[in-house]
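Each of the next two complexes has subunit A plus one more chain, namely subunit B in the first and subunit C in the second.
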Partner chain A sequence: MIYRIISIAAFLIFAPLVGGLLSGLDRKISARMQGRIGPSIFQPFYDVRKLFSKQFIVVNPAQVFLIMSFLFTIIFTGCMFFGGNDVLLCFFLLSTGATFLIFAACITNSPYSNLGASRELLQMMCYEPAVLLACIGFYLATGSFNVSDIIQADMPAIVKTPGFFIAFVFILTIKLRKSPFDLSTSHHPHQELVKGITTDMGAKTLGLFEVAEWYEHVFLMGFVGLFFINKNPWSYLVAVIAVLATYFLEILIDNTSARVKWQVMLKSAWGVTLLVAGVNLIILMVV
Partner chain B sequence: MGIVKRSPWLLHYDGSSCNGCDIEVLACLTPVYDAERFGIINTGDPMQADIFLITGGINTQNQAVVKQLYDQMPSPKVVVAVGVCACTGGVFKECYNIIGGADTTIPVDIYVPGCAARPQAIIDGIIKAVALFQERADEQEANQKGQKTENAALNEAGKETGNGN
Partner chain C sequence: MWMIPFLICFPFVVSILMYTIRVNKIRNIITYISAGIIMAVVGLFAVQWIAGGCREMELYYHTHIIDMIMLAAVWLLMFLVTYLSFKHKRKIISLLSIIPTLMITYLELYGPQQAEIAHVHVDRLSVLMCIIIGIIGSLIVIYSVGYMHGYHHHHTEFQDRRYYFFMLLFVFLGAMFGFVLSDSLLWIDLFWEMTSICSFLLIGYTKTEEAIANSFRALWMNLLGGAALVVAICYAGYTTGNLSLSNLVELGALGDAKAVIPVTLIAVAALTKAAQMPFSKWLMGAMVAPTPSSALLHSATMVKAGIYILFRLAPAMSGTTTGLLISFIGGFTFFAASIMAIAQTDGKKVLALSTISNLGLMVACAGVGTAETLWAGIFLMLFHAISKSLLFQNTGATENALHSRDIEDMHGLIYRLPRLGAFMFIGIAGMFLAPFGMLISKWSALKASVDESNILLVLFIVFGSATTMFYWTKWMSKLISYTDTEIKVKDITKKDELLSLMIHAVLMIALCLLFPVLSTVYIEPLLVEVFGTSTAVLPMGVLLLLIAIVVFIFFVPLTAFRYATSIKVRQIVSYMNGINVGNNKEFVDSMGENKHLFMTNWYFAHTFGQRKLMRPCIWITSAWLVVMLCIIIGGAL
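Take a look at the complex of A and B:
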């Protein structure tokens, strides 16, 4: 019990720091890949600090409430996960959070924002199957949906679930809003939708959105790490290395690909999910 | 509070220009000049921008657009006019449709001369704008604090006389 409380507290306090640093690292590495010097790795913190000191222009009063709800559901998701609860429940909560975000983008009058919201819905449709299958993969490999049981398994889940892992990393590109699947909003400026779902968010609301993203990234990376963790303490080190490698891979994909249309995203995401995770599922069920 | 100046986000609008300055602004973001090392992001969204970078002059058609973009930016904000077109109207000054430089429509803080303005000059202008941005942010923060203490004092006074809220 006490471990759960400690890890939840650690998540609440350190997730924004780790998330912010990860995204700063992302910008630095991206810049180096493009032959630029790039901003400092603390840049995301400077950005958010500035966003909170800007004048707050209200586009729709409900927007702040919805973004707050988005932030709190994401934080709650992370707490559930790091508290050792059910992974399925975590992802249901995460989807609820995403719905709040979609509403926040829908209620403004900006056509860019609305279009971004409908694309975000499409993205959800693309990544949900792989996410659900990954949870099922954990169940088949370890006999439980609970994080606290999964980390006590005899061998890491990845041994039995490589297919689920590949599918999850594939859709992680969508979740992290990386090119080629950054359809609804992009970290890179000047896309065809201006800023997509965040077009009508400025100042405080955008700051809250960024913080929510940090929490979400830490949660997702934690889920990646879960594939490698078992009761051997060294597996935690392996998990950290695997998480960093996965993050680097996502940055590499981001910098070497161009945005695709939603049809391609849907086909490739479902294709990979069905093929890799599906085959893995059949093998686990039959053997 | 020297932190705000580390994160200036730009909004770039190209008015009635020959596109020369427009291209030079984009050149600032390339690996050679890399404006992002100062934390600069070239966002296309006025709601999220701090510095309004305008190239090209104002004509009768884009005047309303420029005005609206400026109004949509949350304060504190700074306007930089890049190139002689944006400063005064430049080579197009005498044209029948040109009203003049950017300052005919919105208050311009920094003028970057040149035809076309060189990337070095543009980055120099942005750095000046960033200093001004910090100054205004500090001012705004001080004002807000001042207002809060004023309100608190008023409330106190109201309570004492017994007719406050």
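Take a look at the complex of A and C:
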């Protein structure tokens, strides 16, 4: 019990730091890949500090409450996860959080924001199966949906669930809104959808959104790490390395690919899920 | 227990009154009173039975006279169907009624001596069904009084036959009570046919070309199911000599070969009632009728009859080929119908497809037939009954105000018709969002199908829940989108309609808050009754977590809302790439003129449309049904 409380407290305090640093690292590495020097690794913190020093600027007043609900739902999801609870329920709750974000985007009348919301919804449909299957993979490999049981397993889950892991990493690109699947938003605001889902968010609201993103990224990376953790203490080190490697891979994909159409995204995401995770599922269930 | 015959007979008596009284005002008052009486008696029945310790009861052993009356009623229904199918030049359909009626008559009069059985069986499942039918059904009846008034006000082209409409509603309720309380297969058959024919008559209410065509489609599909049921009854009568449903289920659960064919045929018959593929088209066609009848068919009656009988059969299907047959069809329907719902812009069509889809999940749960899946199935049924009834009634009321039920026209409904918009929001949230029970049922169904190693079902649920989320969120986001609040729409919802909607919304939220209690106090003992062993479906950890989530979800947005309304915000116009005109309604087009801005949703009609997907889906499920039936029946003979 005491470990759970410590773990939740650590998540609440350190997740924004880790999330912000990951985001800074992302920008730094991306810049180096593009032959630029790039901003400081702490730039995301400076950005958010500046956003919070502004007032609340909104198009529709309801945006503030929806974004706040989004943020707190994500935080609660993370607390559930790091408190050692059911992974399936965590992701169900995360979807509820994501719907708050979609509502916040479509409640304004901006075509960019609305289009971003529609596309975000489509992205959810693309990644949802792989996410649920990954949870089932943990259940089949360790006999439990609970994080606290999964980390006590004799063998890391990845041994039995490589297919689920590959599918999850594939859809992680969609979940992190990275190119080629950055349909709902783009990192470069001079494109056909401007900034998509966040177009009409500004000042403090955008700051809240950024913080929510940090929490979400830490949760997702925690889930990636969960594949590698077992009762051996050294497995935590492996997990950290695996998380960093996965994150680097996402940055690499982001910088080497161009945005695709939604049909390609849907087909490839569902195809990979069905082929890789599906085959893994059949093997685990039948054998 | 005077309440049992009262619940079955009282609606029939009222229906005769409804038909004879042609003065609207008097009839309306009687309708309110009768609906109130049904609700009160159901409540009394449930309370008294639960206070008496929830004992299983078997009643009515000697019923020779009633049996004969029922047989006469079956003949009456047969004459009605034959007359109507000759009148509308669909003679062949009458055979689906004549042949089963002759078979059942022969069995009863000249067949082998049957064992003496209790004709009525009361247990937790039937009481639960009674509560659903009594409460939701009566609320729909109350709603219809106001709705039908508005309906005939707007649709002057249809003949005002409200006396006939209300008669059918009450007959339907009576038949449903009879259906869920009977244990005798002969009684079940009569009530089964009665619900089929009631829904047929309700669908054809407006007498338009389309309504008649759709009503006959519903009729032949349901009569086909009825025919399968009659064959099952005759087979059981000749081989086991016992026409009690519970006896049949016991035999099936023990693995008796004699029970295989009847169980399979009854389950297939239930597929037609529950509108599963390949029989789902009748429910889609049922929307031509006035909204209350859709609400009734989709939530409290008709389709739930199919689900109820499958839940009864669940122990006999667990781990058998029949279970495989049923769970595949259910899972496939869940997935396929939810994909097709994406492409629909008509609100009622989305609701219909989502009913089919959700029923698919319940059917799959029954087909797997373990305590866990049945738990999930029962909760799905409960939540579905309430939120679907709410959504249909709400769509009807919205249609009366907007003169359209297109989702695109519901743009910003929450600002234009705040009450209806809010009810619709609650109803949709109940269908798929955490912490409402649908989601936790899905959790349980997913876990159980993994435990049972049902790979296909796992995949269907996983992909189906993704598509389900897509079409519901799309609709919800339409409701809250920014709109011109200056264009006023008059809310012409009647008081009785509002009352019904309000009670539904309260029930929805109460169920969400109370469902851990309901699970431990009522549903888990129910599973003990069915399976004989106790299982804690929800582990304590999950239960506590759920309570935390419920508290969180109700608390956080509320607090955030209060905070957000208290702070000072600066409102600006939305980003439109520099071609704003100063408000959010218009932009400057390339000719330099102001143009109205309107955003629509995605529907992908060419990718996910019914026109494209329905036929292959029907072929796949038909092929599966035929092949599996051959294997099961061939193996049992």
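Just so it is clear, the second predicted complex is superposed on the first by the 286 of 287 C-alpha atoms of A that agree within 3 Å, B and C clash if a C-alpha of one lies under 4 Å from a C-alpha of the other, contacts with A are read in each partner's own complex, and residues count from 1 in each chain.
We adopt the following convention: a contact is a pair of C-beta atoms (placed from the backbone, for glycine too) under 8 Å apart; a residue touches a chain by one contact, two chains touch by 3 or more.
This is a predicted model, so every value here is computed, not measured.
Student: For A:32, select first, second, both or neither according to whether it touches subunit B, subunit C, the two together, or no partner.
Tutor: So A:32 meets neither subunit B nor subunit C here.
Student: Tell me which partner A:49 touches in the superposition: subunit B (first), subunit C (second), both or neither.
Tutor: It touches subunit B, and subunit C stays clear.
Student: Is A:114 touching anything from subunit B or subunit C once the two structures are fitted on A? First, second, both or neither.
Tutor: In the superposition, A:114 contacts subunit C only.
Student: Please work out whether A:231 is in contact with subunit B alone, subunit C alone, both, or neither, and reply first, second, both or neither.
Tutor: The answer is neither, since A:231 touches no partner chain.
Student: By the touch definition at the top of the document, which applies to A:267: first (subunit B), second (subunit C), both, or neither?
Tutor: Neither partner.
Student: On subunit A, which partner touches more residues: subunit B or subunit C?
Tutor: C
Student: After superposition on the shared chain, which partner residues are touched by A:57: those of subunit B (first), subunit C (second), both, or neither?
Tutor: Both partners.
Student: So, does A:201 touch the first partner subunit B, the second partner subunit C, both, or neither?
Tutor: Once the two structures are laid over each other on A, A:201 reaches subunit B alone.
Student: Touching subunit B in one complex and subunit C in the other: list those residues of subunit A.
Tutor: 55-57, 59, 194, 199-200, 202
Student: Of all residues in subunit B, which touch subunit A in the complex?
Tutor: 3-4, 6-7, 9, 31, 34, 36-39, 41-45, 47-48, 50, 72, 74-76, 137, 140-141
Student: Which residues of subunit A touch subunit C in their complex?
Tutor: 55-62, 64-65, 68-69, 72-73, 76, 80, 85-86, 88-89, 92-93, 95-96, 99-100, 102-103, 106-114, 117-118, 121-122, 124-126, 128-129, 132-133, 136, 139-140, 145-146, 194, 199-200, 202, 263, 270, 274, 278, 281-282, 285-286
Student: Going by the contact rule at the top, pick out the subunit C residues touching subunit A in the complex.
Tutor: That would be residues 433-434, 439, 443, 446-447, 450, 453, 455, 458-459, 462-463, 465-467, 469-470, 473-474, 476-477, 480-482, 541-542, 545-546, 549, 552-553, 556-557, 560-561, 563-565, 567-577, 584-585, 597, 599, 601-602, 607 of subunit C.
Student: Give every residue of subunit A touching subunit B within the complex, in rising order.
Tutor: Residue positions touching the partner: 27, 31, 34-40, 43, 46-47, 49-50, 53-57, 59, 189-191, 194-195, 198-203, 206.
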